[in-house]
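In the two complexes that follow, chain A is the common piece, with chain B as its partner first and chain C second.
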Partner chain A sequence: MIELKKVRKNYGSKVALRDVDLLLPRGEIVGLFGENGAGKTTLMKCILGLLPYDGSITLDGAPITPNNISQISFATSEHSFFPGLSPKSHRDFYREHFPKFSDTRFEGLMDFFELPKNKPLKHFSVGQKNQFEVILSLCQGADYIIMDEPFAGNDVFNREDFYKVLLGILEPNETILLSTHLIEEVSSFIGRAVLIHRGEIIGDVSTLDLEESGSSLIDFVKNTYNYRSDRVSKTLEALTGKKE
Partner chain B sequence: MRKPDLSRFAPPGFNVNAEIHFFIIGMASSLILSLTFIPGYIANRKSLYITFSSEKILMDGAKMADFSELLGFTLYGFLILAICMLGMIIFHYIYHYKDSKSIYLMKRLPNPSELHKRCLVLPITAFFVCIVSAIVMLLVYFCIYMTFTPEQCITPDQWQKIWRALP
Partner chain C sequence: MKKYLSVIMLTARSSIYKIFPVIIIMVAAQYFLFSRKLCLASVSEGYVKGAFPSLEMVVFESHIMWVLFAAFLFITFFLCRTGCEFKNKQGYTLKRLRISEKGVFFCQAIYNTTIYLILWGIQITAALWFCHMYVNDPSFGDLGPHTVFAAFYRNDFLHSLLPLAEFGIYIRNIILTIALGAASAVFPYKQRMGKIGFEMIVLTAACLLFFKVEMGSIDFTGLMIMICIFVIFMTIRFVMGKEDEYA
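So, the complex of A and B:
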């Protein structure tokens, strides 16, 4: 279980994370939602130790250090692979550094997405790069897979295929923390939704509870964010002088 | 003999061969530049003599130019190359931010020294090769100077004068 307690992060005078408390038990698929600049990426980077922060983040009760960091993998839309290396060379690099690297999963996913294995990543399309970034994170052998808008730039068919494959291959002990703006698209795929706004967790709900209450994820998000549905019509009215 | 795999000491995907070629060319150029000491030395040594009936006679009171003066800028190639190698360290770190953020992967490897190993080992080794080469050439040229220059033409404290000539 990853546990965040009173995690605070400032960029100069700007507060990026404000006393965040969050539990990520094993075996959950958690969606992390929030507007641009809400603190999603910062939160993920703090978990990975890529940014300094105040407060505590533990993995199964222990601080996250080089001893246990291999239990967490990361896929980001910024991409963390080496553009000059081919997928095969990445596989070798991962094998060397992550003893639990799954060759079977790697080969299976590479074949599924029909990605070339010997071509340097810099020659891939954005969609292929995203796919490969996610493949690496899934094959590392980590129990916690953190994904920061991994499908930005992929077409809808591609993404849907990916969700299906992902659900099919995940082991019961594998946890996914997925940050995305594609709320409706992932609503059937995630088991829990965490909402972050201006560095604070403002909502945390299981999709099962939402289903039981007859509410949808997008409605929950809109309600939690106090989304004003009339703001579009009001703006258009102000701009055009016409009433809708 | 099997060629050592130096790519293990460079950032993954980095063109290590280009870097090695640059270093070899730099070393060769530095060596050629340093060899200009020899003709300078020969010309100075020649000026100590006069030729009389095809016989070379050492001039009375003739003094050889100081070693540091003859040395001049001949070893600067090695020093410039050494500084370039330190610059290569920065280039290696920046590489992990170029076209992707592979720095994220390097920073979360279970072996935290991997990033530094791949950024530092080759440039620092090359830096020391440059410095050692400069020292070796300095000693070789100093030996040539002291061995082949007539003793009475050498002014005292030649070794100390090298260090005094340094900025």
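So, the complex of A and C:
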């Protein structure tokens, strides 16, 4: 279990995370939602130890260090692979550093996305780069897979097929923390939604509870954010002078 | 051990395909310039038998030293670029490996030092080959190995490459190679943290200014050794003082 207690992160005078408490047990698919600049990426980078922070983040009760960091993998739209190398070279390199690296999963997902294995990644399209980033994160044998906007730039058909594959290959002990703006698209397969706003967790709900209450994820998000449904009509009225 | 080797292999895979062509082009360009100068010297009407240009003069006038410096700059650029972050963030991966980022630095420093040693070795071999071409050219008369031996003392560039009995320059060259390896490895490490690797800039400038030294020039040799030691010290101090980012 990953446990965050009173995690605080400042960028100069700007508070990026404000006393965040969060539990991520094994075997969950958690969606992390929030507007741009809400603190999603900062939160993920703090978990990975890529940013210094105040508070505590533990993995199964122990601090996250190079000794246990291989239990967490990261797929980011910033891309963490080596652009001059081919997928095959990445596979060889990752095998040495991630003892649980899954060749079967790597080969299967490479075939699924129809990605070339010997071409340097810098020659891939943005969509292909995203796909490869996700593949690497899923093949490291990590128990916690953190994904930050992994599908930005991919077409809807690819995404939908990938969600199906993802659900099919995940082991019961694997946890996914997925940050995305595609709320409706992921609502069908996430088990829990965490909402972050200006560095604070403002909502945390299981999709099962939402179903039982007859509410949808998008309604929950809108309600939590106090979404003003009349803002479109008001703006149009102001711009065109016509009443909607 | 395998995990360290894999990091060295990773660095090699990212740069070797650029570095070896540079070395091949360097030797080809030097061969072209030297043989052209040799040809001009042997057929020129201005040179009468017995007044042909000396080996050191042909080496100097063929400008092979500047070709080496150009290759050195390209290789340094490629080595410093390896591991730098531009659009990608491979630093995220490097921080999650089974070896620390310091370990990655040392692997890269070993690889880069090896590349500079290879460049040095190939340049000495090429220089000896060019000297052999000169000695075996009948236009210049009956010459022997002593011509090559003397040229490596009289020509500053050749002497700086292979200083024969002047051990001070050997020591300088070895320390310089290590300093170059360390400075080019710390460059991407610093770049990933938003800092500038000034060590490599200082060392490159020093190489261009002070690499070529006369026989017995203790002052410039000493100055170069001091600059190299300073660069190695600053590099190690930075790397060892850097705490891992795990909070």
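One rule holds for everything that comes next: the second predicted complex is superposed on the first by the 244 of 244 C-alpha atoms of A that agree within 3 Å, B and C clash if a C-alpha of one lies under 4 Å from a C-alpha of the other, contacts with A are read in each partner's own complex, and residues count from 1 in each chain.
Just so it is clear, a residue touches a chain if its C-beta (ideal position, glycine included) is under 8 Å from a C-beta of that chain, and two chains touch if they have at least 3 such contacts.
Bear in mind the structure is a predicted one, so any value in this text is a computation, not a measurement.
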item	value
Clash or fit, chain B versus chain C on superposed chain A	clash
Partner chain(s) touched by A:97 [first = chain B, second = chain C, both, neither]	both
Contacts of A:138 with chain B and chain C, given as first, second, both or neither	neither
Contacts of A:63 with chain B and chain C, given as first, second, both or neither	second
First (chain B), second (chain C), both or neither touched by A:53	second
Partner chain in contact with A:17 - chain B first, chain C second, else both or neither	neither
Clashing chain C stretch [against chain B; choices 39-47, 165-173 or 237-245]	165-173
Residues of chain A at both interfaces, chain B in one complex, chain C in the other	48-50, 66, 69-70, 72, 74, 76, 78-85, 89, 93, 97
Residues of chain C that touch chain A when the two form their complex	2-3, 6, 9-10, 13-14, 82, 87-93, 95-100, 244-247
Contact set on chain A toward chain C in their complex	46, 48-53, 57, 63-66, 69-70, 72-74, 76, 78-85, 89, 92-93, 96-97
Chain A to chain B touching residues, read off their complex	48-50, 66-67, 69-70, 72, 74, 76, 78-85, 89, 93, 97-98, 120-122
Complex contact set, residues of chain B against chain A	11-15, 98-105, 107-112, 114
